[in-house]
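In what follows, chain A forms one complex with chain B and a second complex with chain C.
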Partner chain A sequence: MASTALATPRPPETITPLLAPDRANGAVIRAALAYMIVGLGTFLLLGLLGLLMRLDQGGLIVIPAAWFYRIMTLHGAGMVATILLAALGGLAAAVSATTQLKARVLWIALILQIIGTSFVILTTLVGGFGAGWTVLYPLPSHGDIWPLSAAIAMYVGYLFLALGLLVYCVHMLYALARAHGGLTNVLALRYLFSFGRDTRGALPRPPELIAAVISIDGIAAATAGVVYLIPMFAHAAGVTSVNALFAKNAVLLFGHTMANLSIYVTAGLVYAALPIFTGRPWRTTWAVVCAWDLIIILMLANYSHHLYADFAQPLGLQLLAELGSYAVALPSFIVTVVGALTQVYRSGIRWTIAPTLLLLGIWGWVLGGIGAVLDATIPVNQVMHNTMWVPAHFHTYYLLGAVAFAWGYLFYMVRELTGDRDARMLRVAAWLYGIGGAGFVFMLFVAGGNSVPRRYAVHLPQWQVYARVAVPFVILLALGLAWFSWDLGTRFRAAWRGTQGAASEP
Partner chain B sequence: MTVAPVWEWEWELPLIASLVVSEVAYVVCWFRGGLAPQHAHLAWKHLAAFTAGLVIIVIALASPIGANDERLLSMHMVAHDLLIWVAAPLLVVGGVPLIGDTQRLPRYLRRALELLTSPIVALLVSTSLLWVWHAPAAFDRALASESVHVGEHLCFLIGYLLYWWPLVVQPEAIGRLRGHLARAVYLVVGMMQSALLSALIMFHGTVLYTTYLHVPGATLDSALADQRLAGALMWYPGAVIFALAAALAMRENRASPLAGPPH
Partner chain C sequence: MIEPKVILEIFIILGVIWTAGCAVVVARSGRAIPLEQLNRAEARLRMGLLGGLGGGAIVIFFLTLHWLPYANTRRAELGSPEVTVGAMGMQWTWILSRHQVPADVPVEFTVTTRDVNHDFAIYDASGRLLTQAQAMPGYTNRLLYAFHAPGTYTVRCLEYCGVGHHMMTASLTVTARPK
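Here is the complex of A and B:
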């Protein structure tokens, strides 16, 4: 469908609905729903683990230290994987109306990701692994609390996660390139380098451009993961020694990029869904193309800001990290934020739950991004990096940014598939989520500002106040999420049926 | 590890005879065009799959893998892996087309088949058999008695013939799981339960199956190391098999992944 339809330029003014006119993408939408339900469902469970950690840090319950680190590892690794999973599902849905994806490949990638996640869950909860989601060498191999077999199982889990990401990204990139007649076209490179003058070919829609960008970075991240894991396996087998600095660079290029991908993928969902509510198409302008094409390089350049404290890291990489961190924030950030605000301004938008969450996500992204830029500044980083400031910034752009985008997009999908109007009261749930989330992350920032260290199982009494103040906000957050889940649960079956009646996968 | 493995094949007559009879019977039926010739769709790949399944059973039980299963838990696990992850799906792929159109079976047989191969029953039976036989008391009992040991392996094989049935039989066959979601859930649940069992074995701090402590040359440390290896050998290959199964089973309902043209 897409390869013929896209041979001629598409009018840039159109707003693309979720379902193709003949529902030919129904099988892909079902796979996308599965991604989002698995991703966001697991997010809820892992969020409960987060609450347990905060209660422990507030001195309200006592979790043995070994269990705290297991939970912390599972919470961290699981959140990175599952939020990305939900995001990838949404993105597949967003591009599927105009790009022919194979549902079968999406399901295979999903199962690979679930297999990887199951390894992480069992390794932490049964195997006792607690070295943190970053699995930084040499701690996994030399921890006294867990056996080496647990570290190996964790690596195997990461290998499956990397493989799942790789399958998804390669397929997405292939499908987009095929639909647009090549990678150059889907990245709009001729349009970019002619400064917007060469408009001969059909430009990709913003979600398609973003999908191509994140697929390239996803392939790079998955490759870095494999590059990290192979020497780890060899080391575990006693075959070789490991260069710790190289290992740290590789694992952060893998893990940090995966974490970054979540936010950028979910930003793509805003481009896909917001025009539906504002009635204004989101055009592929030169600024949009430039910003997102730059992300390909900049997202891979900024991971090294986690290595400022490593004196052996080459200075060039440190500087590249600082510049990359600043630069990655600006183009896509400004283009997306300004674009979203322009979309909304005087559009007469009806503030149902989906656009409310999408706009909340914009603010979460802005605030989390500012926190990240501050942390990426070398003198600030030297003081703040091992404090709660770091969880504060990534919880902000995850919880209030990427996750809000993902929930918002899921509500949009369900609305489109069921044809129902969202209940007005549901906006209250969005407010509960927003206020609860904001209070929760604000207390992390305050704790970081007061030099409370991160990754500590036992908090001194004078540190506990920040976690205690956060707990009521977490409860508001949980109420909001429970409301989301209840509402979606009651409509999900109808949404699933809404994808059917179409021709099956080509 | 201080337990020395043996490198011999154990040609047990009942095992070899039953496998040879099965193969001969299959080949005869295959050349006749199946048990119900007018409705069977048999291809060379079915013959190859069934034969490969039987060969895998021989490797699992008669090769040095099987010969060492009472000395090393890790070898025992490899034998189980081969039975449930490799032999069982191959036998289903090769064997079911022999029956032909399952909808045309006698009513009582069809009813029984519908019950046994319904996904929930198949999942429950395979899971229950896997877990019950890995309980230390049952496992040690199997190691102590040859007949119980044979029963254990038969249970695994039958349990996993049922498990793989809904995923690999032809689209029109009884018990076939339809839809990506149903197949994904079925695969994931099957994977998760065996992964959990593997992890429990792998990370257990004491020797679960005490028979292996009494093998000549065994020490507590060697038995524990062997147990860790056994858990890993059950877990990691299982994950790979489920990933491969996903790649095959996630095809659309139009045709079975391994269905061949009419013979």
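Here is the complex of A and C:
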């Protein structure tokens, strides 16, 4: 029964609620909640590690260098994995009312991700591994202070993370293709190449289109991860050496795409949730289809802007990376960002916590994007590469972009599942989060503009001021997050119950 | 040469403009009107942004071709190198073939590594990053640069290379060119 209901074509201009009419997607929503709680809960703990690092860089506490780099490795790898996890959970929920996902497969992917993250935690905190989240060849085997087994454990962790992503993306793509009668229909390719004239068949809703796009890139990223890890295992076993340039390309295609996926997945959540608050359907227009189909290619083409200082990289690839970095920003800004602002403008929206965080995310995403596009310009990168400018831009679009989207979507889910109205005071928590986050990332940009290197356990006295000024903002940020957590914690059981009373697993 | 602080100023200006734009939208989020009334304005805005940002990106792309840090572009700008400095990175030190170079002449740094990836980055006395190139296992990267001010410069490693990464520095003295 559920299968028939889910497969029914529907006009693209409707606003789709979170729960299917008979709560047929309740099991998937529960899995999605688990993704978001595990992801955002781990984010909170890893955020505390970030605070420790800033305190150390400000000279306010002293962390031994070996521990600093272990914490840095855990913070980086963990954040990339857990923010993506929360994002993927939200996306599963966003498409589940109209796409028949299997909760069991989502749980398997989640367990694989948890196993992978556990390996990362153990090898850094217990095994002493501190080669950075990029595990850049050949450093993991040349650490001096960690054993080779710790590097291998990190690779195993990454393998599980890649497998978890692969399972999720393959299943998502299969379910979407099944619901729409083929992958070309989910990507609306006929509609795209006819310039919007061929309107036969129902178009996918934007979250479905986005889920297909990120699943394709997720499969590509996971494959790149495996392609990187196989020679790393072989090298650890003493079988072969690896070309350093190839290794760097492969690991950044994997890691950079993983990081990018988070922001694009959570952008899909904006398409799903913002119309609920504005009362305006977000239509699948030709511009939306064109923008997101382009992102399949563009997201994969821009990773190599991290290799501008690797002069051995062919010049053509360097120039392609600059063009690709500019190009990927255009569809995101012109279609998604402008679309979100149009949703809000003269909509009569009530600024509860969820839409406030969603709009904060739009602001932060663009702000981080400005920093990223500047740094993706080769002559600029020449004086900014591997300074604090780099963490500045990605912390901005992570913390004030993707994570704000994810929290906003989680608040929306809880509101839908409990039927509660959000407390007005919660908006204060959003302001704390926004102001704290903005002050924190701004000081990273200022440090980058003053050439302060990134990934230094010890900062010179003249650099410490940037971290010191950031600390009060981090405390505001922590207060905002504590407030979010407290509010959601008090309502979570009711939300979980709100998914029940449904048909069992499809 | 592009100044890091100028990039920061550009970022702040663009950030303020963007923030003001968001504030206007939020300030005008009340008093609902049908979305259809905005369709034409939204389409115009999108086309304007596509033309403006897309055209701007293409112009900037071609401009940047003149300031690439790679050897051929720098050689065309500075001339053939008159001094060569071998710079080899190893955990956690730099081995330079010489520590003194003259000002106002093209200097070529041949950047290599004995072990892992490093990044050969030159800072001036005020702490400003001037130029950099990666040191990659199995490769030699040629970095051309001309120092215009005599003084003491610091070489730092900007690619994370292990527990001593932050201590991996060297000193380079630039002397006035004999007249």
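Following the convention adopted for this analysis, the second predicted complex is superposed on the first by the 497 of 506 C-alpha atoms of A that agree within 3 Å, B and C clash if a C-alpha of one lies under 4 Å from a C-alpha of the other, contacts with A are read in each partner's own complex, and residues count from 1 in each chain.
Following the convention adopted for this analysis, a residue touches a chain if its C-beta (ideal position, glycine included) is under 8 Å from a C-beta of that chain, and two chains touch if they have at least 3 such contacts.
What you see is a predicted model; the values in this text were computed from it and never measured.
On the superposed chain A, the positions of chain B and chain C stay apart, so the two partners fit side by side.
In the superposition on chain A, A:Arg30 makes contact with chain B only, while chain C stays out of contact range.
Residue contacts after overlaying the shared chain place A:Ala150 against chain B, while chain C stays out of touching range. Among chain B and chain C, the chain that touches a larger number of residues in chain A is C.
Seen from the CA centre of chain A, chain B and chain C lie at an angle of 120° in the overlaid model, rounded to the nearest 10.
Touch criterion met: A:Phe160 reaches chain B, while chain C stays clear of it.
Once the two complexes are laid over each other on the shared chain, residue contacts for A:Phe195 go to neither chain B nor chain C. Using the contact criterion defined above for the overlaid structures, shared-chain residue A:Val126 touches chain B, although it does not reach chain C. In the superposition on chain A, contact is made by A:Ile111 with chain B only, not with chain C. Think of it this way: put the two complexes on top of each other by chain A, and the tightest Cα contact between chain B and chain C is 18 Å. Within the complex formed with chain A, the residues of chain C that make contact are 1-5, 7-11, 14-15, 18-19, 21-22, 25-26, 28-33, 35, 38, 42, 45-46, 49-50, 53-54, 57, 60-61, 64-65, 67-71, 91, 115-117, 119, 121, 123, 127-134, 136-139, 141-143, 156, 158-167. Within the complex, the chain A residues that touch chain C are 65-66, 69, 130-132, 134, 136, 138-139, 142-145, 243-245, 248, 279-281, 287, 308-312, 315, 318-319, 322-323, 326-327, 329-330, 333-335, 338-339, 341-349, 351, 359, 362-363, 366-367, 370-371, 374, 377-380, 382-387, 389, 445-446, 448-451, 453-458, 462. The touching residues of chain A, counted against chain B in their complex, run 27, 30-31, 34, 103-104, 107-108, 110-112, 114-115, 118-119, 122-123, 126-128, 147, 149-150, 152-153, 156, 160, 163, 504-505.
On the chain B side of its complex with chain A, the touching residues are 180-181, 184, 187-188, 191-192, 195-196, 199-200, 202-203, 228, 231-232, 235-236, 239, 242-243, 246-247, 250-254.
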